[in-house]
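In the two assemblies presented below, chain A is common to both, partnered first by chain B and then by chain C.
Coming up: the complex of A and B.
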């Protein structure tokens, strides 16, 4: 039940922020590139751009992320709950950006893209949360 | 050497001095303009030039040394690279018919000397099956220094040697001879490194006009006058049978400048792949059923390639939007601090967007030049269009975002309190207010505190909005007795939210709470008070 509850703030952050639009647009444009260009070097470039776009999407939502985390902290949410919220948000961002690419990518890129984007997203979110905790912004 | 350095230093000093002078003049002009515009009404704060430069430096530092900037630079580089990969090109080609050629032939002409094995390996790497018809070789050598060969009692100056497989020139090179020279004498014997060679002499025009397979010139071309080729003089050129020539010149392997492959057919994609390899392929002839298609390595822009260049550039420019937006949002934060230092919004916007565009521009030019070297010069069209579009977008977006913010109309704060008089006794009113608050179906009362001092009643209410999570209203109500039977109601309220919620939403919540309270007291309210 706690896992399901953690979905709600995560989804709310995802929908309210501009990150989802950026992730979707970037994913769609990169998917077009993958569809048109079939060379391996292009696929590597697209993969790298997917990662930078994921970072950009999360940084765009920085304001809403900080406020939500602060709100959760004030309302007495435990760190494990906050981590689950971040996990949900990171998962949604990575899924949005990599979904169009999964359709167009061939070979092993299909598998690597969602995993890599999720790892990047969750790492950045964790760093952000740790920084906020350390700097006392949560209080 | 020293003189050049001195000149460069002098130019640099001159450049810096002129830059400082122009900057000072511009700042004075700007100040005069501001004073003129302000007239006697409003005088802008006097800020020293040093302070302004320091403030601008703070902005620049904030732009450059930030994680969003690093992400933007990486994204920008990758976007230009991706734009380069989307380049489509169109090889210059020409078609004509030579009815005598019935076979399927492919002719590869290189701008440098290649080895036959190397060429065949490249072709096999591209999964192009070489036919069983074999191949013929042509090697054209132009000497750096003139080769003097003894002919009878005289010497013959040779500028170039052409080695050709015999079957290609069997009509002019008979079995009696091993070579040909464009000399008027019927035949000569040349002593080549101690070996006597029987060379057939033909008219110079014969060699100049001779075309292998009716399409490839025999003599090396040194240049063109208008469209007419200029050959190495035929009287100073020896045409030798390939194998004999290789032995005499002590050449290793099978060097060629032209390779003719028989029984081979190539598709359009094969041609593009052959030209995509970096092996100095300059010309390609495909002969099939008398039809000759000639391709040149020169790239010609086509409507299709231009369309793709613009489309890919637009897509690439869209990709830069999130990266630039992140930087713009960061700049907006420091804009307020910069404005406190006395900088006007226009100066902040101008300096931030110019610096950002300059950084991206310098990096972009570097990336464009590297890509043109690594992938090919033909990518320049795409990359440059992308670079220009991205820079224009960056400049407009950042300057507009920063400059327009201070001029935006801000809504006036809504009143957070209300006061009115009701025609009711204070003790009666306390129970009515409590009833109105507790029976509000949209809110759940968390705290309800009441304090009485003399003739004044203080009520504090904290209520949670039931339709949302973590949203509520805090209210302070003061009831004061007025002229015995009247009561002055002063209501102060403030909404609160755990989450970041829009003001409009919070105002709606407040209205729901306050509306019920004021509405419940309206029947006894004295409007003229």
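Coming up: the complex of A and C.
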């Protein structure tokens, strides 16, 4: 229970931020592309576009992310707690982008899309956290 | 070192690299603070006051020197150890308060208890009792952005106090307040000290704040000394 409750800041970041709107809109538009243009080259192009969409969604929430990380740091959150929150947020963003695409994509693209977007999201978030810690922007 | 000493610093040095310039923020600072004492540190901007506070809070590490807080040698603690210190031993209030604007007042104050892994019922009871003590009862669901400067400061104090730390460190707690609200905050610090025997360090550039402390120190160009400006 305590583990699930520790994810609350990550869920709040996702709900209150604008990143989720970007993620949902991008996912839906890309899903329509896939549905209308069924060629394999379109699938690859859309897969590449999910990466930029994921990055855009996270950058849109930059202010909320920095604010939340600072709040957690001041309150005495250990690095493992902060990483857990980022993991939760990254998972929610990647699933929001991927879900519409999973419906319209065919074959192995269904599997690759959520994994790829999650890896991109968590990598960006980890870099952001490390940069904040290194440059002392936390406080 | 006496058992009564909660904070003990010896020959602490801290240097920053700012572009091509090397800035020495602390130059051999020595300090000892007794339990239940309110210490004020006055000094101009850039004199090293906030750096000193961050080192005591375990947010920054000194280049040289010993820092012992409640028996913990901060040089010996890793990141998890320093986080534990900030969560349970030291309540740190940064100058910009560090509140999470997306969370309610209740959730902001609850955060240190959530991090400590306290059960929900216990957390609720603790947060509500601290909110009542601080004078924020009835504002549980409000967002920090809806509050006045004085109330926001109180939220930050409540968050620092909720895990019953033995030390509270406040960085310019009156900087964004008018004097009447500043006095209320300073009197609240005195009440906390009287009720819980908490050690409090207040950093401020305002000499009026020092009248509300037991002992005043002067930070100037990285050196810490007794404050003789008030005499």
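The rule we apply is simple: the second predicted complex is superposed on the first by the 137 of 139 C-alpha atoms of A that agree within 3 Å, B and C clash if a C-alpha of one lies under 4 Å from a C-alpha of the other, contacts with A are read in each partner's own complex, and residues count from 1 in each chain.
To be clear about the criterion, a contact is a pair of C-beta atoms (placed from the backbone, for glycine too) under 8 Å apart; a residue touches a chain by one contact, two chains touch by 3 or more.
Only a predicted model underlies this, so the values are computations on that prediction, with no experimental measurement involved.
**Q** Kindly say whether there is room for both chain B and chain C on chain A in the superposition, answering fit or clash.
**A** Once chain A is superposed (C-alpha atoms), there is a clash between chain B and chain C.
**Q** So in the superposed three-chain picture, is A:67 touching just chain B, just chain C, both, or none of them (first/second/both/neither)?
**A** After superposition on chain A, A:67 lies in contact with both partners, chain B and chain C.
**Q** Look at A:59 in the shared chain and tell me whether it touches chain B only, chain C only, both, or neither; answer first, second, both or neither.
**A** The first partner, chain B, only.
**Q** Examine A:113 and indicate which partner it touches, taking first as chain B and second as chain C; both and neither are also allowed.
**A** neither
**Q** Could you say whether A:104 touches chain B, chain C, both of them, or neither, answering first, second, both or neither?
**A** neither
**Q** Is A:45 contacted by the first partner chain B, the second partner chain C, both or neither?
**A** first
**Q** Name the contact category of A:36: first (chain B only), second (chain C only), both, or neither.
**A** Touch partner of A:36: chain B, not chain C.
**Q** Have a look at where A:81 lands relative to chain B and chain C in the superposition and call it first, second, both or neither.
**A** It touches chain C, and chain B stays clear.
**Q** State the stretch of chain C that overlaps chain B in the combined model; pick it from 146-154, 164-172, 200-208 or 218-226.
**A** 146-154
**Q** Quick check on the output: what are the common chain A residues between the chain B footprint and the chain C footprint?
**A** Residues common to the chain A contacts of chain C and of chain B are 12, 64, 67-68, 71-72, 74-75, listed in rising order.
**Q** Hey, which residues of chain B end up touching chain A in the complex?
**A** Residue list for chain B touching chain A: 67-68, 71-72, 74-75, 78-79, 81-82, 85-86, 315, 318-319, 321-323, 325-326, 329, 470, 497-500.
**Q** Okay, in this complex, where on chain A does chain B touch?
**A** Chain A reaches chain B through residues 12, 18, 22, 25-26, 29-30, 32-33, 36-37, 39, 41-42, 45-46, 48-49, 52-53, 55-57, 59-60, 62-64, 67-68, 71-72, 74-75.
**Q** Which of the residues in chain C end up touching chain A in this complex?
**A** Interface residues on the chain C side: 54, 59-60, 79-80, 83-88, 92, 94, 98-103, 107-108, 111-112, 114-117, 119-120, 159, 163.
**Q** Quick one: in the complex, what on chain A touches chain C?
**A** On the chain A side, the touching residues are 1-2, 5-6, 8-9, 12-13, 16-17, 64, 67-68, 70-81, 136, 138-139.
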